Amino acid sequence: MKSVVVRNIKRAEADVVKRLGALGTSTVHEAYGRSGLMKPYLRPVWAGGEAAGTAVTVLAQPGDNWMIHVGVEQCKPGDILVVGCTTDNTDGMFGDLLATSLKARGVVGLIIDAGCRDVKSLREMGFPVWSKAISAKGTVKATPGAVNVPVVCAGVNVQPGDVVVADDDGVVVVRRKDAGDVAAKGEKRRADEEGKRQILASGVLGLDMYKMREPLAKAGLVYIDEPESD
Amino acid sequence: MKSVVVRNIKRAEADVVKRLGALGTSTVHEAYGRSGLMKPYLRPVWAGGEAAGTAVTVLAQPGDNWMIHVGVEQCKPGDILVVGCTTDNTDGMFGDLLATSLKARGVVGLIIDAGCRDVKSLREMGFPVWSKAISAKGTVKATPGAVNVPVVCAGVNVQPGDVVVADDDGVVVVRRKDAGDVAAKGEKRRADEEGKRQILASGVLGLDMYKMREPLAKAGLVYIDEPESD
Amino acid sequence: MKSVVVRNIKRAEADVVKRLGALGTSTVHEAYGRSGLMKPYLRPVWAGGEAAGTAVTVLAQPGDNWMIHVGVEQCKPGDILVVGCTTDNTDGMFGDLLATSLKARGVVGLIIDAGCRDVKSLREMGFPVWSKAISAKGTVKATPGAVNVPVVCAGVNVQPGDVVVADDDGVVVVRRKDAGDVAAKGEKRRADEEGKRQILASGVLGLDMYKMREPLAKAGLVYIDEPESD
Amino acid sequence: MKSVVVRNIKRAEADVVKRLGALGTSTVHEAYGRSGLMKPYLRPVWAGGEAAGTAVTVLAQPGDNWMIHVGVEQCKPGDILVVGCTTDNTDGMFGDLLATSLKARGVVGLIIDAGCRDVKSLREMGFPVWSKAISAKGTVKATPGAVNVPVVCAGVNVQPGDVVVADDDGVVVVRRKDAGDVAAKGEKRRADEEGKRQILASGVLGLDMYKMREPLAKAGLVYIDEPESD
Amino acid sequence: MKSVVVRNIKRAEADVVKRLGALGTSTVHEAYGRSGLMKPYLRPVWAGGEAAGTAVTVLAQPGDNWMIHVGVEQCKPGDILVVGCTTDNTDGMFGDLLATSLKARGVVGLIIDAGCRDVKSLREMGFPVWSKAISAKGTVKATPGAVNVPVVCAGVNVQPGDVVVADDDGVVVVRRKDAGDVAAKGEKRRADEEGKRQILASGVLGLDMYKMREPLAKAGLVYIDEPESD
Amino acid sequence: MKSVVVRNIKRAEADVVKRLGALGTSTVHEAYGRSGLMKPYLRPVWAGGEAAGTAVTVLAQPGDNWMIHVGVEQCKPGDILVVGCTTDNTDGMFGDLLATSLKARGVVGLIIDAGCRDVKSLREMGFPVWSKAISAKGTVKATPGAVNVPVVCAGVNVQPGDVVVADDDGVVVVRRKDAGDVAAKGEKRRADEEGKRQILASGVLGLDMYKMREPLAKAGLVYIDEPESD
């Protein structure tokens, strides 16, 4: 790893970010061929937060949040900060002072594969964070990492400028060049789902709506009545 | 495992289900001789939900929710769907479309030893789910499992028609044939506890109320004053 | 381990407990040289609770809450009960009856390196608990442990009479003899932070406010522009 | 849970146990329709051990090995002791004294959903154990459980008299009434595999031997050459 | 995710693979600026195995090893197969039949972010595997994934043709274009370490050899004698 | 936490260390009233190693092994180095160079609540290590910790000069002042166990040898014959 900060990254366009954010993580993930989803151990530190933005990436050292301070300077309005760590760590690398700074720059949220603190203040500020842990554990500023290099965060390789969508269901990442295509597919999927919801609410079974009976039988599924017993 | 759907299962009676639901998981579990409780990694996807119903069981394959669709058809009003998985899996096998379908059939909740998604919608719908994870991860419909066979879900062997009670404290399962007896014992226990609560609130110690001092002394417990130091 | 109850422990003074509680866990932990923090797997069973008190310690056996009953008697107003366990265990050792008893004695909260149940009632009572798990699992009263001996709870060695501060960010412990010093340092830190918050909110970068640019360059960090690609 | 010991259980026949043991866990699990397998957190405490026997089951309390002593008496030559626990626990419930006793009765191994100790002695005795943890943690003898009732052990519901096969790959359980059928299917599978092994060793691809190319193409798989880059 | 197989990937040169393999994972990881290391949950299924090769990558679905069969065909002598999974899974996706096939093609090992079975046979064959779990759990062949696309495996983004080095200490990945540079740095490091080992073995302290005393004092470290007590 | 090195600690006497080492962890832990045992996630990095020594303690920062280098200087022949960490961390803080240095000073082993690397070399050197993880992950030397202060390591509070005994069953710690008493009790226990082993080997049941039948009956255990079924 080189200790480097990459400036002037290319970002996905704001319009497509907005469209993806409106779809939510599940629909975006499905529209992206069921890919791009971070591991489910990443959870919102307060329920109900939602964010969609362009990734500025940070690679941090365990127990050391120096690079997050460096990353803040590279952020622009509409960005979302994505912090990977060189090793598993749950320390509270991020708190309300950093959130204040990010908010001042127009950043819409934080994704961190480590710990977060000051949860009460973050909720009051309305600044959404998805993290691996909540911990008051303090950190040092001793060893450089990198900013705006590709980082693996919660199992997903994130590149600077990618679109990140996050909500109660998790966090999904879409490559910048794929964003428009995924947004279009996702919007189609959402429209389809709305129709399906109404059909299912009327009592029609998914077995019939999706025409599953024949393939299930082919796959060997059989129906029997409960044997007498008890 | 045979790919089979068992129809026409026997269910515990609605009246006893209601009585057990009114007691809550802790009381039911205690009244059942401290058994029937699922492992605590199963958590409500939104806080405050409560459900009690008769089990329709599904055995699903990892990353595959085909059998849940099959299971829906076997549900009747007052049922609760219980989904075990042939191996550890956290994928989002269940979301708001399936919840819509279950609601249309009068199902009161879902217990799933895997992941769940669309948490925000589920909360808005008031449909309670207890799961191992929250994840937007999509699933396939490729390999059959089974419906209404005994399944191990979060460490408990669940049989179709058993009573399932779930709340913020977890999920407990009572065999159909034991349900009436457990309800009676639980109601007695609840009445006893109300009396104990008032006694304890008045400042009487549990040590005295439960007459623990003598058995503690017999077991070797001794009292000393703090030695001088510091 | 001897089965012993130590009476008449020395406690930190109420005034300093109050001052530490007003600072919150993150500030106290930082002011204490980044020490005293319990592991982050300990979480509040309901969000938003806060507590600060003097530790009465219990060492319990797995699946056995007998010693908690013994510990209640040693509690005074302003105490916080801290329960360690001789081995990893998630059973619901604590519920609303014990909380009723503790409340009657003026105890302000519970920290338990095991499970807790009756979460709904605890929230309604406003009694805050930090635990490793939520579980309805019942326990026995069969084997003595100890009360008011030093216990390791969630990775921290707690001594009777220590100050315990807990909130949404976790739980921190301060030795009785260090409490006054830590409170003073924490109050200074809080005042400093308020100034920093305003500077950061105005858009000044942490890089500049903390004068990090020179040490970062010395540590080898370099800035480059994104190479052409894509 | 009732504190009960069931005597005179029916056991699978020794001959079919031997045949299943000769097949090993993977083949037995496959022949059983991919079922019956315990979770992979259960590991041999020393490598290379193998065992096949009829299950005598124990349901133990956390940190309490009293019921294992009770279970020993119910064992006959060719049995394997299977210990479930009413809650997650890693204490060293089993050691070389109990192993000496089991060996004296002709028991062929132990499966325990908790901890084990005296690993060095067990290896020297050649007594194989599969456990969730290795731990010197001592236990009490205070609370009864049950013997020869169905127990869930590492995710599998085990009934007394079932066949248990264990080796380096894990532990698999076959219902007594299914044992003969599974042995026959497993022997056929093993013969088939031997032929396949020789074909694959000769360089023939599984893609061709299993005729996968057509179904893969139907499922949408496409082949491309690596795009020019770098 | 597109269901695609990329053919004719570029591979790192055999000579540099050999040099990196001779260095071992710790030295390679250090020489690579402390990067490229997979998470430590990936462990050898038998101790003492070592492998170095060029990566052929597979992205598999949970509980489904179809894509591994597809990946085999893309392997050449000196390759190492690297299997990522679209979600956390511990099923036994790989066993001795696939190992036989890989061996026939000159593949030197397997890295799999899932489970492995037939451990005894693999050890006897001398075929080294690093996996997340050992499990006899069988898998289906139902849903395509991809071959020779970048995959995240145990926290590292692996690209086809990268160099993979694995031993008892774990698994490290070096980009194809960086391999020569890392090998040269690693060889220099190894030579340096040999000298250091001899100095330390003679009793010289690391504190002196690395000249740490001054920076430690600057960082605030102080020496005191143990206070009288006890 | 103060960055301090405490020199000239008091150590338990060599003779009692030797006696405790001869007893092994299980016997020492039992003789110590079932206390002093580290959590079972601490495992030997190679099987069969055994060590007993006096504790020199190190408190390290995550991903930073600077303090281990400082700790080496405080070691004398017969010591065992015990490394706690200010937060959960699995990085390879210790390897063969440090082991060479410790061996040169007569240190008999290492206990580390973090990661270890160079496992193959350590086994060849015969230097035993108990760690939380095996990982090639490199560390920095940037932030001081402390040496010879009390540290919590794997759940146990260790004080400098305490006796540490470690083998395949885990790691146990005995306070310096308790060591002689525990050794004497352990030796008595060992003698008793030898007698019990012979009785059990002869076929006498533990139920009879320990006279458990009456207390079991009192505790409510009943014996029944298997009901007719199947």
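Should a chain be cited, it is by its letter among A, B, C, D, E and F, assigned in written order, with residues numbered from 1 in that chain.
The criterion applied here is as follows: a contact is a pair of C-beta atoms (placed from the backbone, for glycine too) under 8 Å apart; a residue touches a chain by one contact, two chains touch by 3 or more.
Here the structure is a predicted model, which means the values were calculated and not measured.
**Student:** Any chains in contact with both chain C and chain D?
**Tutor:** The shared contacts of chain C and chain D, listed by label, come to B, F.
**Student:** Under the document's definition of touching, what chains do chain A and chain E have as common neighbours?
**Tutor:** B, F
**Student:** B-E versus D-E: which has more C-beta pairs touching?
**Tutor:** Looking at contacts between chains, D-E has the larger number.
**Student:** Examine where the copies chain B and chain C touch and state whether the two sides share over half of their residue numbers (same) or under half (different).
**Tutor:** different
**Student:** Between chain A and chain D, what distance separates the C-alpha centroids? Give it in angstrom.
**Tutor:** That pair's centroid distance is 39 Å.
**Student:** CA centre of chain C versus CA centre of chain F: separation in Å?
**Tutor:** Result: the chain centres lie 27 Å from each other.
**Student:** Give the residues of chain F that touch two or more other chains, as numbers and ranges in rising order.
**Tutor:** Each of 2, 34, 86, 88, 90, 137, 143 in chain F touches at least two other chains.
**Student:** Chain pairs that touch, all of them, please.
**Tutor:** Between chains, contact exists in these pairs: A-B, A-C, A-E, A-F, B-C, B-D, B-E, C-D, C-F, D-E, D-F, E-F.
**Student:** Inside the complex, what are the residues of chain B that reach chain E?
**Tutor:** Where chain B meets chain E, its residues are 61-64, 86-91, 137, 140, 142-143.
**Student:** Sort out for me which residues of chain E touch chain D in the complex.
**Tutor:** Chain E reaches chain D through residues 2-10, 66, 69-70, 72-73, 90, 92, 95-98, 100-101, 103-105, 115, 117-120, 133-138, 141, 143-144, 148, 160, 176-177.
**Student:** Going by the contact rule set out above, which residues of chain E touch chain A in the complex?
**Tutor:** Interface residues on chain E, with respect to chain A: 1-2, 32-35, 39, 86, 88, 150, 152, 155-157.
**Student:** Where on chain E does chain F make contact in their complex?
**Tutor:** For this pair, the touching residues of chain E are 25-26, 29-30, 34, 37, 40, 43, 48, 167-170, 172, 193, 196-197, 200-203, 205-207, 210, 212, 216, 219-226, 230.
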